[in-house]
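The structure appears below as structure tokens.
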Amino acid sequence: MRTRPLAKVAALGVVGALALTGCGSSNNSSKGGLSSGGGGNATSYTIAFEGPLSGDNAQLGINEYNGAQLAIAEANKDSSLGFKVKLSKSDDQGDPAKAPAAAASIIQDDTVMGVVGPSFSGATKAVAAKFGAAGISIVNPSASAGDIQTLGFKTWHRIFPNDNAEGPAGADWIAKHAKKVFVINDLSAYGAGVSASVASQLKKDGDTVITQGVDAKTTDYGPISQQVVNSGAKAVWYGGYDAQAALFAKALAAAGFKGIRISGNGVKSSVFTTGAGAAGHGWYFTCGCQDATVAPSAKSFTAAYTAMFNTPPSTYSPEAYDATNILIQAIKAAKAAGSVTRSTVNDQVNKTDYTGITGQISFGTDGDLPPGKGTVNLFIDQGGNIKSLGDITQAK
Amino acid sequence: MTDFLNFLIAGLTRGSIYALIALGYTLVYGVLQLINFAHSEVFMSGAFGSLIIVQSVIGRGVHHLPWYGVTGVLLLGLTSGALIGAIVAWGLERVAYRPLRKRGAPKLAFLISAIGMSFFLSQLAGKLFNRFSDNNFPTYYNVNKHLFDIRGVHISLIQTIMIVSAVVMMLFLDTLVTHTKLGKSIRGVAEDAQTAALMGINIDKTISRTFIIGGALGGAAGFLFGSAFTVYNTMGFIPGVKAFAAAVLGGIGNIRGAMLGGLLLGVVESLVPTAPWVGGHTWIGTQWTDVVAFVVLVLVLMFRPTGILGERLGRAA
Amino acid sequence: MTSLSQSPDVTHPPTTDVVYDVRNVTLKFGGVTSLSDVSLHMNRGEILAVIGPNGAGKTSLFNSLTGVYTPQEGSILLAARVGDAQTPVLLDRKFGPFSLERRSRKTHEINHLGVARTFQNIRLFPALTALENVKVGVETRQTSGPISAMLGMPWQRREERESTERAYELLGFVGLTHRANDLAGSLAYGEQRRLEIARALGTEPGVILLDEPAAGTNPAEKRDLADLIRKINVEDNISVLLIEHDMKLVMSIAHRLVVLNFGQKIAEGSPEQIQKNPAVIAAYLGTTDDEDAAAEGGTA
Amino acid sequence: MSADVKTNLKRLLACLGLGVVLALMIGDQEGNQTDFGFAFKAAVFHPRILIFLGIGVLLYLAMTFRPRVAPYLTRAGVRPLAAGTASVVASYGLLNWSDSGNLTNGKLSTLAHGARDTSGISVIGRLFFGSAVPGLYWILFVLAIALAAAAIIVQKSALAWGAAGLSVLAGVWGFVAHEMVRSYLHSPDHSTGAFVALLGYATIASASVTVARTSGSEAATGAFLDRIFGWKPGFPLFVIGTAAALLGTFWASWFSPTDKNTSVFGMSDLFHGYPINGLTSAYLGWLVWVLLVASVVVAGAATWLQHKLLGWASVLVGAVALLISLLSMHNFSRIAADQKFDGAVQAWQNIGTGAWTLCAAFTVLAGAGWMVARKPVDAAADPVSPRPIGSDSLVSPGKSFAFTQAMLVVVLAGALFYPPTATGFWQTVLVTEIGTYVLLAVGLNVVVGWAGLLDLGFIAFYAIGSYTTAYLTDTLPVKPPHWLHLSPLMAIPFAIAICLVAGVALGFPTLRLRGDYLAIVTLGFGEIIRIVAINAKSITNGAQGAFGIPQPVVHLGPLHLKWGQDPLQYWYLLLVFIIVVVMLFRRLENSRLGRAWAAVREDEVAAQATGVNTVRVKLLAFAIGASTSGLAGVFFASQIGYINPDNFVLNNSILVVAYVVFGGMGSLSGAIAGAAVLTWLPEFLKAQVPAEDRQMWIGAVILLMMIFRPAGLLPAKRRAAELSGLDKVYSAETAAVPAGEGM
């Protein structure tokens, strides 16, 4: 009988190819060789980050990338892990149209076992199916749109409460204090989404709601602030990101608004507190995350982050840190269970039960936090420091 | 009425910034018949330049200066902003315009080289400075202090500063163009460059100086804008586009037109979407601000195809 | 309610042998009056020359006749080709009895009515070849649209071929066949003048308006030009309206002359009559025969 | 004399300034929040500034001594030497030499660092990578160009022959060394570095040979190329095609890059015993050789003898060979996929470079035949026929025409058969960035390049096309009537029609505005469309956008095509779109309308006086441009499956204008090249500079292009005549607006 070369070779498989490289370098001296990265016992896996690293939203991406970098650095210091982790980055500029190319460069790298990102909901919707087809697990640290979990992405996960969870919680709290609320969004996917859910919950709670949008590229918030004051609203919600919120806070103070000012997770950062200065004092934030001053792990995270990047952690850095750690744990679990492939890693991510600095995280079948999981906390800018007021449903 | 006046003042504040930037567009358009797309980066450079210079002279830790301190900060900021703006604008002309002029490039090539320059400058600034997360002027004084407060109508310090310095600079420019020798040569080049050259006007120098003047105004506007709001590397883009619209609205190439167009656009943006006279915040809504601005622009241009005051530098009104 | 009146605001008796019938036309720019109460008529088949010193309003008249400017007062009637009915150039938008706004027919409409023109400072399409310049003119009379062009429909190909043949004919007529595939911008001055005439002829005009065709040409070229104008007039049976400074040329080819000064018509008649007219001699012939007419017309 | 000193001083200062700017541009992301001025200190006070100042001084010297060097620069061989040097430097410094995931990056320096100590690689390879002399490849390179340069200066043919030999040695050695690494690493490899280096060295070698064979005469590279391509039309293509065919069969891998690099010789054995069909079996066994020889011989004979009938024969043979190859490739790759060989799940996967190269070679050989077959009879005999003055062929259809045709064939072969050999990343970039924007640029070229109207809101039509698709495929909150439920490709006519209407609607009120007024109004229009898309939540789903736009499907009789996640499928669809649009537009350019556009652009008043209805002509430009954009929008929406208003920002409109002008206004090939280069560049720069800096570099590239080549990359011949731009005197007719014109 003749041999069947094709079947013979096919049996080697992808793993075989990796092993080949490993073998090639095993007899090398320590000073180098082509496969030094993966040689010896220290196998190396890659976790990829996809997000905006250039363009208008680059700061957000950099915050997250830094968080991921810190997690990777800490993992590589941990000798008990049994493997090394590399972080690769892929820039999608936060633009759904540029996301497919960014995703393709991740997918084509065989060593990538999981993805942190994409940072934005739009980019996520554009590429999650591609990652799903490639079997790569995605752990999303910041794409908060309330509908992603319904779109049937196979390998997609999110580690924080989405807009539909965070918004209503904030709205219920506002309704306790004000009957007329001014809801402003920045016309971005995030701002508009979360503001819409806030507004609809407020209406359910019987409040009068005025909704307006102000483009995120605006710098002069004078007219809109004047409008808030004139409307006689007792509270104002801003859905958007920190830098714009800081400008808005200043304009609002200048216009003499005295009511409640509250915003979401996108604003809760040092960019806001330093940018707004005194005008930001007394702003409230809702966030589906733990209090960084209470949880000890979060404290050490803040210290390590500041030491590493010479700047305090900012919006979504902790989430990215947790997302990266979830992936590292999943790789570890997959390794312990036998084989590390994209699909086994994804299986392990599905089984995640992880307590990170932003909270206790596990995933439902749709990839989102299971219903009821993830408390939304209320925070306040107290003299330039962000302080937790605890669970928003209990908060005053 | 109170509301109306408050919105009007907010609009005038916004408009005076537009007008200051629009002057730069208009001046360059006057002499070269080109949109200087990189002018927004001149504005941005003025903001960064004044921020760095003011901070290094006065320091970051100083707060609540007395009135003479405030004046000092203002003068320093305006002059440093103007200086940096002028330098950048001069360099811009030398690098992105003059070589093309010498080669007789088509008109669009200028536009594209200016766009290239704009990308370059804003991203270089981003690379060098944008890691300053605290890109704000320190609170040397309370910018939002109400200077006047008459029956609910209030004007804050920064609004006063912005409107007054804008008006002063515009008057200065108007005088400069109508009454000085440099102004005459600028107008000459604007009217007919070839004839002007025959009359002994050095075209290169005049164009260079036009850029410098426009740059100085843009840089000063950058300081005003930066001290009122914030400073970042792409801060010039939106005000730049709006100021360009304002210049066209008033009649591009026309100095008084730029002033008028800027103020008008600011007021329209502030008043129309909010519509205080109908007492309603729900009339049009601020999410339509830019649409309102552009629709007004289109309407004006449909009835006056060369803007409110018409074209032509020096033939104002 | 608002309607474009097709009838002139002043009713004229029909005159079939008149190409242009201009009555009491006044054109103002801001405060400056460029044409003041000018009336003239142009007979079919004639070469009519309009002369006058710089700033007399000659080019303004041309621009009014071709729809570039809209005179505020007066009327202009046009019947360019043989058998055409008289058509008003100036239209009034009426609202009931009120005349709301006056506008001129668009330049290209007037061209389609059979009026072609050249420009004082040559205005060719320099980046097209000589042939293509003429084809642009010829093709304004064609009908095939962009879709048939994209799909290369047979009728479009036929039209393309016809326009090429016609353009070559015209180039031959003005003596430029050998420069057909050269860029218009690269042609010599005299050649450009002739090319402009060929382009104008391409639109099959009944009347052609030549704005200083001899400016900047040498004596030999002037002679050729005179021949060409006569040839156009006689062979193609095209009426010619001519602005020209060169008196020798004008007197040798024009059938009739109209003299403008300061926007007003001061004389009209045959070359002999004009040469003897004391008002003309005072206003014009005695003063200057300046070639440089840069300041004339619109900027006045 | 003092004026001279002053100029020199100015120049020196400018050069030093440039050095400082370079120092600011190159380096880490600098700046620190607490220490103002850190950025400058890090960039400027660090010793490295000396390097940049040194660059400035060098530049100054180069500029100052240019007059002395200039005579040498026109000598034969200088240009190819420069081109070769540039490509070798790019290959050594910028391009990837390996795609292995185990390397931090795939550049030569990284690869060499690892490879030189890897015992699994033969000593010949290791030597190249610097096991004995570190950086040997750079030394070889410097030696080769130094020798070549010396040969040019002193005109010694011995030196020139030496340079030629050295560059052949360096090129081939590098190529071989790379092959060794590739076979050792045994991982998929799409890197282009070694190949580009080989080409670069070949160019240097040919430059040296030219030097050796000529003596100091002035070189005119353009004329030289014309001579080569005009000598026997199609012959150069025959040479290229034959080389590619040999490369594809004798060198490159045919199957499954990861597991088994099987060359064409091994294919028959590999598939023995599998249910491949008879054709494939014959093909892998002997047919491929027959086809190869036949097409080479026929094409060679046709081009050498310039025989028309042979030319058609060559087209036929090439086409048949191509068809058979593709059929066989499909068959064996499907069989392999059935076996799950090397992770393949469907046909066409795992096919190596060799098979695709052979396909490209067949195409090029057929193209060579086509050039012979379609050679114009004899232009001189027919003086009356007009010569088309399209964007690309002003001069007579002789030599340059042949060059253009040959390039067209090569580009087409590349567009067809290069993408399958590229990485998934580049395939995606090709579809989502390059191809889409090429289509947009081709559309905008109608408006900006041909009709001369500055449109800064072009992306609005792209948005309209995308949203139309979303509407018709039922993914917007507002639902279409039942009978209007369409698949994306069926949405094309609707999108085109709606964009036509939108283009006319935008154009009608605004077209009486001149240049810059039009620019701001169109810009406003673009913004209005975007803001409406955000705010009209009940229609467009606002900022959340439309998700789930289905992928294209075609059901045409027996033909069932369904597009999925693979970017390649979309590439071929897009290629069809682009080719159709370009062909239609080429006809349009040389039609009555195209000339009318040119007339309006050149002189609107004269065009009116010649009877051109300028409003209609401009509206047509707007409408045609808009509908192209709408087509791109349909493609984009169904390709990506998700759209939101972020895709349609002002910046994209500005970028498309930049692409068109960068490429060369009014030239179809220019618009394509401009869009391709400027969308490729940011992705290429991903591997070269920090992500944040990319736009800065792109800005610098655009700026330099406009300074040194204001007419663009591939300028339109028509447009070139307008380079007097600013000096054009506008006469009274345009400048003055008479009192009655106020409306």
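Order of writing sets the chain letters: A, B, C and D. Residues in each chain are counted from 1.
Heads up, the rule we're going with is that a residue touches a chain if its C-beta (ideal position, glycine included) is under 8 Å from a C-beta of that chain, and two chains touch if they have at least 3 such contacts.
Being a predicted model, the structure only gives us computed values, none of them experimental.
**Student:** Please identify each chain that touches chain B as well as chain D.
**Tutor:** Touches both chain B and chain D: A.
**Student:** State which chain is most central when centres are taken as means of Cα atoms.
**Tutor:** When every chain is reduced to its C-alpha mean, the one closest to the whole-protein mean is D.
**Student:** Express in whole angstrom the distance between the two chain centres, defined as the mean CA positions of chain C and chain D.
**Tutor:** Here chain C and chain D have centroids separated by 49 Å.
**Student:** Averaged over CA atoms, how far is the centre of chain A from the centre of chain C? Could you give it in whole Å?
**Tutor:** The computed centroid separation for chain A versus chain C comes out at 72 Å.
**Student:** What whole-number Å value describes the gap between the mean CA coordinates of chain A and chain D?
**Tutor:** The separation of the two C-alpha centroids amounts to 36 Å.
**Student:** Using mean CA coordinates as chain centres, what's the gap between chain A and chain B in Å?
**Tutor:** 38
**Student:** Among all residues of chain D, which ones touch two or more of the remaining chains?
**Tutor:** 32-33, 531, 534-535, 692-693, 695, 719, 722, 729, 743
**Student:** If I count partner chains per residue in chain B, which residues reach a count of at least 2?
**Tutor:** In chain B, 130-131, 133-134, 285, 287, 290 touch at least two other chains.
**Student:** Mark out which residues of chain C touch at least two other chains, giving numbers and ranges.
**Tutor:** Within chain C, no residue contacts more than one other chain.
**Student:** Please give all chain pairs that are in touch with each other.
**Tutor:** A-B, A-D, B-D, C-D
**Student:** Okay, in this complex, where on chain D does chain B touch?
**Tutor:** Answer in residue numbers: 24-25, 29-33, 36-37, 39-40, 43, 448, 454, 509-510, 512-517, 519-521, 523-525, 527-528, 531-532, 534-535, 650, 654, 657-658, 661-662, 665, 692-693, 695-696, 698-708, 710-712, 719, 722-727, 729, 737, 742-743.
**Student:** Of all residues in chain B, which touch chain A in the complex?
**Tutor:** 3, 6-7, 10-11, 13-14, 17, 130-131, 133-134, 136, 139, 143-144, 154, 156, 158, 225, 228-230, 232, 234-235, 237-239, 269-270, 273-274, 276, 281-282, 285-287, 289-290
**Student:** Sort out for me which residues of chain A touch chain D in the complex.
**Tutor:** Counting only chain A, the residues touching chain D are 2, 4-7, 9-10, 12-14, 16-17, 20-21, 24-25, 27-29, 31-38, 44, 46, 53-55, 58, 89, 91, 94-98, 100-101, 103-105, 107-111, 121-122, 125-126, 129-130, 133, 145, 147, 151, 187-189, 191-193, 196, 213, 215, 310-311.
**Student:** Within the complex, which stretch of chain A touches chain B?
**Tutor:** Within the complex, chain A touches chain B at residues 56, 59, 182, 187, 210, 212-215, 217-220, 222-224, 226-227, 230-231, 243, 246-247, 250, 253-254, 256, 270-271, 274-275, 277-279, 311, 314.
**Student:** Given the complex with chain D, which residues does chain C contribute to the contact?
**Tutor:** 27-30, 59, 63, 66, 68-72, 101-103, 106-108, 111-112, 116-117, 119, 121, 123-129, 131-132, 135-137, 139-142, 144-146, 149-152, 156, 159-160, 163-164, 168, 180-181, 183, 185-186, 199-200, 202-203, 297-299
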